[in-house]
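What follows is a pair of complexes built around chain A, which joins chain B in one and chain C in the other.
Now for the complex of A and B:
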């Protein structure tokens, strides 16, 4: 048979697949996703996190979402209007199939030990998946498919309901999830608030939301969405612009008082976010504006950190013992110089090769720092310790809150500079170079000079981040400057939206802040990075807060 | 001017020194010679057309002049200064601006931003002034925006300022490209097939625009064009390219009467003179012969 005949016969069989077969396939897919989730250990890890106290854990929510998603896909009718039976039957079958897959896993784990190859297939997992029923009992095996079917029907109904209500429910659910996941943050805020003599009613339990407050949030979130949609549809653009300005001001106030109303841990995470924002804004100049891929970005961060370390340490390797405020500008200047040197060899390299070249250059810096030759000066793998904290008016900035404000202030300055440059001659030249280098040059833009400037400024920003990092941690080691840092910064830009300053903020919060706050995610962090990146490319390739909408608004203003 | 005159330069100095003076231009891509022995003298303040069959080397000549590609041999003078061998952005600073045969805008930037980029060499505020927002920087930015709007209006697309270039209709993209080239205040504007894809009404509007570029802005225009109506309406002089060399040069009347031109080009494409959408068959034959 010819190749064509094979492919065409394949096409025919695909087209002939019955709706039931498709539904079974969707259910099995969800089931396999659930099995994978359990076998990498994510289920057990996230089962410790109660979103709703004693009712729902994070991993249960994850499983439920998979069943609901299966029901949603199966219940969606591609031909026409969804019929009641289709929604219920197909939703149920899809959810049932997914549940059966998980039951099969439980059964398998009960009879054979998989632990030799799959560490996560532990008794703990079996216990967690039994949902409180006696382990190995019939109930434990039957309840999963039953629950799956129920959730599948819910998913099907979800597909059939008007989009208005679908949005509202999603909002309500998001409210519950966010409140439950960030319980610690909210509790610390509530603790810091003056005690209102209200009813004696706790919103949060020791692990998550209390049931009553969860229900309240679900309903409240849904109502909020409905009311807002209504309002948005009626209100004229001018007032909407004003309300979005008010929202921005509110956000700013929130950012400023954050460490005051929460605890040290949150302040520390916020400071990490600010640090990554600094780096993100640096790479945004290089990649977002000028279109220069840079996988060696962490090198500039390292230069900044080591400069402060050498100048502010009271340890044996110190070359000077000056204040942080003297070292900071030196660090920025040295990092900028490194950026320029870095730019020189890769100037004529374009496209994919640029990624390779910068990757190599970034590694060179780390290897140099680790090398024996420089060990007497930079401490090799031992690093440099005893770095003094910055002082301001004689007060040492030691608390996470103080350092957060330091990083925030720097991020503010850098954001301002970025914003100004972006709307000046040089920023437009960078954008033009990113779009079409040859045409930009024909308009009088010197490609060498503008590329070098992009590398220099991007590096200066990263150097500032490194300086704060050294002062924060009090020590620097080469292993803090791995390729992964560059990749994190790159991911922030991609998730947030290339060339967009608010995008950097959003990206840093999503990729750095959230995983820190949800420590259960810790070891699965990069798994979620991957999923988030792939999902982004499919759903919103331009980023969460893309740059074009701003430029269009600017031009109209 | 050069110290040593190239061998076959006419000794009689013309009454008005040409703004653009190209001599003995040659470009080879590997073994394929795209153009050779090309001499061009474009008088200041004139509209000069370059015509010729497809693949004759017209665009290649433009690319050599604007340093898009480096010529294999030959000299190029602009206003008495030698510009060949200079990088493209320096050539641009000498006052050369161009458009492209297949429109090359910055697609993800708005029309206004495209025209702002075009002003790159007109703006002088330094990096530090931009960061600190100095008075000069702000004045310059305001002027630049005003000028951008002015030129968008000049080419007839004032309402497009906020639109992304890639979302604009084709005809407006061509106009925007001209605005972007003009806004820098060039001495010479080189248009590569500006009327391509235009209907007769748009062609007439283009003729009018080119007239205004010359009279109101005082910019010398060189254009490559296949639409004979447009060429005959705007050009004072016409240079005919054929198979990588110059076939002849003259006034529109002379060119229309020239047997060789009719033979090489006009005769075969006479259909196109009446109706722009002519069969591309003769052009392909030409190309095949050159390649």
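Now for the complex of A and C:
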């Protein structure tokens, strides 16, 4: 082959697709996403959850969002602007294509049984996808592409509308989705409110929002967004500062009264969030500030938990029987000590190698507590049980609400320490080390000492989290300290924003709180994790609530 | 005059290959010395060895009266050695102020730190204007000023400068060279490594020509400018 032939064939592959081909591709992509969603069983599982009572289920919303997204993308021209006819025609074509893909799946499932390989391709799925039409009827097959086309046009129009209204609509929709999805939480709040003898009107049905309240929330959310944007557009900084302070105070009050106005289940979830916040803040010191990738973080969590277990258990393995308040500082110190001990050899390696070394460390601890050799002392796979609950002024902290306050108080203390450290001399040194280790050394920063300090403090925070964990659960088992815990904490930081304290809170709520509240979809939890992480890296690599310097930089760039 | 920096028989190797062989040189206190040489001659390797970022195979480095050959980098800073690295390497996501503060990290003498900070801002008035700005957003010349200021905040006796004029516009080069001269005027010994040989030689009391890891010529700066080999190899004149 001559050189010319090579270059020309290269050109062929690089030629741009026609707009129609691109639109078809976008539609097919949405269609395949929908098929995948259905075939892993998510559609049937989420179809049971009504967001709007008897009107919209969660899986219907997911499908609709895929078609709308396809229309939104297809409705824009190459420069990313929405343009006249494209919005309608291409939006419709994209949505239609997506709908056809799903129809094809329904047709296929109707004629061949896929269940041998795909368990989720059940009659229930066919029924759900038929949207109430007779199964196998023409209507069932045609309505999906038609709906898809309609939603695609909506997506296109969505792309074309002024961003102000687009934001407002998104807000309204988010309000409805959140209220519908977390119905149980809101219902528990409403149940706890005094009965005002108002009109006999229920906001929530047995499964989700009632239609009237959904509409009200949609409009209310949109209006809220418009009013807020207008408010934010005002340049008076004092007024804005006041309103943001008020928002913060409101948040604080919400956090404090949360277990009082909701039920035990929500309090338990909130407690778990606080616990992961504790760990997240520990890893934030290591990774967020000092840039040390630690995949064995769970090791220090385990040290803290086992210390409290051994010191506070009334079971046969107890080495002491002291109160939680004595065991807590011991656990923190031991975890810090473990951090220092392991840090010394491990911290001389950099970057990827550090990740590997710490990964090994985490596994060593888990295997050790599981081992038969240490079973007489640590209980092996039987773990340690009958750990006493913490007592305060003679009152045993047993209710989820009380334990939530305990975890919250510790998280507050740790947040304060973190915040002080971050803005102290050592915090600067960590940042410098993270940015450029050579230069930091050449400016007089001792790399081993500062890294070791970060590692030790991070381990101490994890130890505190472990101590609380043992006291909360009342028992510890080796399987509670798997690699997954380390990865969860890492994901919290990545989602929230590395090096950002509020980011830890946001990350813990998104990755720990929400999945716990949506327990019924537990099997899709890690699917959600994966999608969230990939999407974050594309859309907001700096995290949901990034550290301030990064926002400044982006604002200038 | 006393010796500020005394390097003897320094050999530095990357694996089996010696990048710098048996190099010896001395810089007197209060001097500006320069090492010139082509790409890959070993200039940066020597500077990195001086501040401890690269291990030496043999030889010794003395800073004033102290043998610092075996000290880790951060300890050398405490003995009064500071480097302005090649390519400036600022902490781009920190403000100018924070960059300068990190320079003073190892020091506990608050009053003297404040004094040095004022002094750096006097030396580079531009930095006062840019004080709260992120270092990564500054122009090349301004970044070089921050890098020099950051190194000066360690209160060095000997300042090592690695290619401070690299990639800068001609007027800015003059500005940087002038700053080097003024820093030196305040008693800081300077060791300057440059590819921009002419500017370096002009201000140097002492100059070394480094070729393939060995010093081949020594002299004072202005003398070397007229040296035929230097003229042909580094200044672009026909021999």
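Some points to look at:
Just so we're on the same page, the second predicted complex is superposed on the first by the 523 of 557 C-alpha atoms of A that agree within 3 Å, B and C clash if a C-alpha of one lies under 4 Å from a C-alpha of the other, contacts with A are read in each partner's own complex, and residues count from 1 in each chain.
As a convention for this text, contacts are C-beta pairs under 8 Å (C-beta built on N, C-alpha and C of every residue); 3 or more make two chains touch, one makes a residue touch a chain.
Please read all numbers here as calculations on a predicted model, not as lab measurements.
Contact with chain B, but none with chain C, is seen for A:424 once the two complexes are overlaid on the shared chain. Of the two partner chains placed around the shared chain by superposition, neither chain B nor chain C is touched by A:166.
Of the two partner chains placed by superposition, A:525 touches none, neither chain B nor chain C. After overlaying the two complexes on the shared chain, residue contacts for A:432 are found with chain B and with chain C alike. Of the two partner chains, neither chain B nor chain C is touched by A:127. Taking chain A as the reference, the larger set of touched residues comes from B, when chain B and chain C are compared. Contacts of A:445 after superposition on the shared chain: both chain B and chain C are touched.
Contacts of A:453 after superposition on the shared chain: chain B is touched, whereas chain C is not.
Across the two superposed structures, the residue set of chain A contacted by chain B and also by chain C is 425, 428-429, 431-432, 435-436, 438-447, 552, 556. By the touch criterion given at the top, residues 66, 68, 87-89, 92-93, 97-98, 100, 104, 106-113, 116-121, 123, 125, 127, 130-131, 133, 137, 141, 161-162, 164, 180, 184 of chain B touch chain A in their complex. The touching residues of chain C, counted against chain A in their complex, run 51-53, 72-74, 77-78, 82-83, 85, 89, 91-94, 98, 101-103, 105-107, 134, 136-137, 150-151, 154. Those residues of chain A that touch chain C in the shared complex are 425, 428-429, 431-432, 435-436, 438-447, 549-550, 552-553, 556-557. Looking at the complex, you find that chain A touches chain B at residues 417, 420-421, 423-426, 428-429, 431-432, 435-436, 438-447, 453, 548, 551-552, 555-556.
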